[in-house]
């Protein structure tokens, strides 16, 4: 569905993404892992049109989408979340969700003056939808709070909630799990799976929690230093020497010392 | 609920100030309706400007500090729409001016085209330079003699192209359109800038607009001013000479001079109020709709709004053009009220920052706040002078008569005006730091 | 010879004035940029702070002149400068205590601060005029020229003169010294870094043990010094008049912004860009070309790209062009 | 006509804003005349004359009209003002004319105001720019000057005057190498000086204000050695200029409205005694504006504009006994006695057709750091 | 039982004039111990940390450090008292370079900080490479490392970390936990909030579960880890 072809992204002399080539199959839930600074988020940003690539091409369903602005991509069904939550902090959580769907007739000035009936109907539906999403994410109690005044984890959930407001084709999730309670995270994993199975969404998931990746993703791509290091099922990846060395590590060294104490 | 009452009370308070000014001459009040309505009228115009700025800043977070430029363009529209065409101006050079301007525009279009369509490198630089330099000289060659031609026609009284000789009320929407057109051009180039960078860019553009209006005499006589612009109603003098009017007035037992001046002012008040209410309603409806929500989202976080499918650039342009158009309309109304266009009077303090004070004191992001701030701050702008005088008289009352300090202070009374303005501004912002009617 | 004459004319009418004016703008812009960098708002009262500092200096200078204290060839005002700095420090610290601190505690938005500074500006505006009046004040003394046009002509035998005023010399030297010092202070000293840290993230600064009120106090003190120096040098070179100082605010802001707000180097660069574009774009090349071209080709017209009516417009156009390519100024400034 | 004991005159100048440094001396001038009359007790059966100051900001139409309304509300019998032509137009159109209030401006010099339909309510004690242009051209010619560079303050006064000088001077064969504007109140005039220097010329004529941009231009031109002689129209004549510039100004020359110098000299002395600078621009004209009001009121035996406006031209012009500053009491007595007077005042007032000063001029040369009158025109 | 080194004792309070978010919440840590707070999102974990650090209006209860009541102290004063804190969000100076961030961590220290800085670079090698880069340009995980490094630079007497491992890769997380254990063993108490709760509780001496601003469960790390209720509700089964 998405093909990333030899994409480079340089910041000054630094090659954050350094010739990544990968493919995301339609209907898959692809995991994207790799050490901090591997270039995962940067790659997301290039695909989602936030950053122009230094070179390379991105296509979606065969169409060249390199350098298209994010809002155009959104309307093509490409959604993403942000690693560092980008909530609309002065708006309520519900408004954060309700603003998402595109093409609302109330977004046209003319209608705000002369099409009030239609807007009211649409708003009712939107509101119901937003409430449903919040309930699912167990954040219904914060629906009327300003998004800037909720906990770190709740912001991340809100971030995720926005992608659930519309019918997307492909959703890029950048560490939705960081800071989210594990029990809830696994519930979310189930939801993602359901969306994937029932509605055919494609997902690309960056996550450092191997258990979460394990529950969801196939295939898993591991990046390091801007390049694709390995690709395969999670088990294959976990067994890959390079991946272990660069990313997974071998566990706590001090654990035994702790036990001694 | 109590909020609503509180805010209504504030409006009532401002209304009361105006009424007091009309009825009592105690303290800072003047005690004539002429003065009170005069303040109200400019207050209404200010409120409309504040509404425009609030649209841009309060809704979309665009730091436009070029209000002065748009107001001036509105004023220019009045001249261009209402004044009579200067006899002979078109044959003496008017056509040349238009051709020159078209040449200039073509040069810029060509330059932009080349920049966009040629690969970067030396050839592009050369072509670009050739176009710009060639275009500039062609422009000057056509434009300069044409301008001298027009400006030579009775320079002390005319020397400009003149206008379309249309009714003055048409000039208001025309002012809006002119400002909107300029805003569109500016927005296309400068809206990529953020916060204070956009501010200085718009400030600069406003200065450029004023510079053009001051120095291009063929347009609207430059610093020589255009006086005696037409009005949407009869002049007071005409009324005083109209037997019908006089009859009504005397039968009502009114003073004819006062009646005629009030008549004019009341008509202005009604017209301005109508414009203000219409714009306020539109702004309010827009704010409370998904459109307003989208705008707030954009203001809040542009990156996220982009990712949520909102075309931030386009929306910014839309609101920038709208807000500026409103300022243009207000500018045209103000010039109509003044009856003259005096480019030298446009300065940023009065026409940009004072409006900002109105928006912020009123409560940015809230349309009613902007309107309240507009009228209230204008009231103070006029009344700080007597207030300042009062303050200084009070401050010096303890001093010995004829003491050097006292004389010195009394002589400097004029400077109490801005001093008092500052004091009021700080006091209001101290007691309601988010504005009188803050955004919810 | 003609080439020399042309060069001298260009230096005399473009280079020297632009460098001096640029330094003056730069000094003013440094203050603006510092407040923006640390306290995160555009301070409209800066022009009037400059006027206030200069005013105190002038009053002290007058007193010194009256009792016969002087610096020989250098202006007495340099001796009085420390008093001016102290005076404006006192004023700014009091203003901060009485006015700005409240809004800091409220965590008010920058635009509120801007409006508050407008209020402060109005009040300082009145204060200065109360004390010294709205008129022109002269306080320069000492040797007026390092080299005057007449002397230069006599010395070199050229037709064109070259004038270099003492005040211009002092301005340029001071600007260099102040910038180097400020740069070193901000980037190398603990206090300087803590100021930048505070401006970046107030809460976190708190968690690092930085005392915010201290940072703010230092900032105002430095700003007071900068403003006074700028105001005095400007007054020495041109003249002191409160209204002009207010008008200076615009080019000063333009300088700070085009250079990149919050960046001292940017303030300097910006000052020179604005000054040079004001002075050079509208320059009439007639004289210079007259020297350079053969007799029969000497230009008839003024050979002026644009008339001086548009000098501000031109400097703003240049500013716009810079911003279009570098949206946060030449040196990557901040934006709030 | 009422014989109430109090006459109120509005003094409506830009006490704040671009000409805030000129306005105080103008205000004091007007008030000096009022004090003189009040003290004499000769006006309308010992009426007192009270000045009421208000601000125009020089460039703020809204403020000016509001303040004019306020003055009216306070019951003034005449308005001295406005100062800058722009706001003066606004005051006239929006307040004075509709209300039938008489206005005498000491300083609004724009020709545009001449043709305004003013119902005979508007007068000016400052002469027309066109006239001064002629005079200046003659002076330049008589001094054998072949070419001038010209710069003007960018407002209707400066522009109008510069146009007038240029036209007249070129008509008699002089060359104007450049005519360029400068903005008042700005910091730096190097660009203007550079352009002027490049254009060259025997002298530099500065049609500006002596404590505004004009001073900056002269200073810059002297410092850089661009020009060493300057032509100084009325706005540039005043003691502060030689004082501020110093010896370098010696030899520069110009002209200012005023005849005989007698009136002006008397006025300067009076001003000095009162503690302000009478030679500040438009200060004499302000005194005269106030004087005209009071003399006309006396002549009409009324303080109602409707009655006295027609008398303004009468008291201002010949025939009649000449009245100089400090002699207002005498003037009032004479009028009361039915004798015709010709008010000369501090600025040699002579009003012509549309109610503006005809303007005779004295030629000034700066010698030994002082403005010396050398000739009359 | 002796008084813990740092205790927030039955704290009640909320943000500004808003409703109470903490209700009689108690958290404490002893010298050389690691105490971990877990709980659902929005439970008030971060709020409790902030309350202990004096960034909140505590309406009831008290905070004591080493026996001294510091409830009324300002945050800076607590820093001077030796408390170090890494907040959950905006925990770095984005416009300062990595190295300057670390220097700011050591702001109140007057001794030589170079050794400590080397230690940090040793712990997070990536930061050494990026030492002259603005911290705002770092990746999410790198920022987190800077934040923790900053707090370690303080050489605090007690260290409070709000989700230090959020977004860091497994290998760095292991390193980080190792380092935390080391620090704790030098006698410095560590109070941290974690969503990687299982790993955190494994190394914890004491665990708190907060729910809706109240203490729901308290016990040793091990106890909580084996508690089926806690596992199911908060640790992801």
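Order of writing sets the labels: A, B, C, D and E. Residues in every chain begin at 1.
Criterion: contacts are C-beta pairs under 8 Å (C-beta built on N, C-alpha and C of every residue); 3 or more make two chains touch, one makes a residue touch a chain.
Only a predicted model underlies this, so the values are computations on that prediction, with no experimental measurement involved.
Without chain D, the rest of the assembly holds together as one piece through touching.
Between the contact lists of chain C and chain D, the overlap consists of B. Summarising the inter-chain layout, the chain whose CA centre lies farthest from the centre of chain E is D.
The chain pair with more C-beta contacts between its two chains, of B-D and C-E, is B-D. Note: centroid distance chain B to chain E, computed from Cα atoms, is 54 Å. Note: centroid distance chain D to chain E, computed from Cα atoms, is 76 Å.
Mean C-alpha position of chain A lies 46 Å from that of chain B.
Touching two or more other chains at once are residues 20, 24, 154, 181 of chain D.
Annotation for chain B: residues touching 2 or more other chains are 214-215, 415, 417-418.
Touching pairs of chains, sorted by label, consist of A-B, A-E, B-C, B-D, C-D, C-E. The part of chain B that touches chain C in the complex is made up of residues 57, 63, 189-190, 192-197, 199-201, 203-205, 207-208, 211-212, 214-215, 348, 353, 356-357, 360-361, 364, 408-409, 412, 415-423, 425-426, 429-430, 433-434.
Contact residues on chain B toward chain A in their complex (touch as defined above): 282, 285-286, 288-294, 296-297, 300-301, 303-312, 318. Touching chain E in their complex are the following residues of chain C: 190, 193-194, 196-197, 199-201, 203-211, 334.
Chain A contributes residues 11, 33-38, 40-42, 83-85, 138-139, 141-142, 149-154, 156-157, 175, 178-186, 208-211, 246-255, 257-258, 261 to its touches with chain E in the complex. Across the interface of their complex, chain C is touched by residues 17-18, 20-21, 24, 154, 178, 180-183, 185-188, 190-195, 197-200, 211, 215-216, 219-220, 223-226, 240, 244 of chain D.
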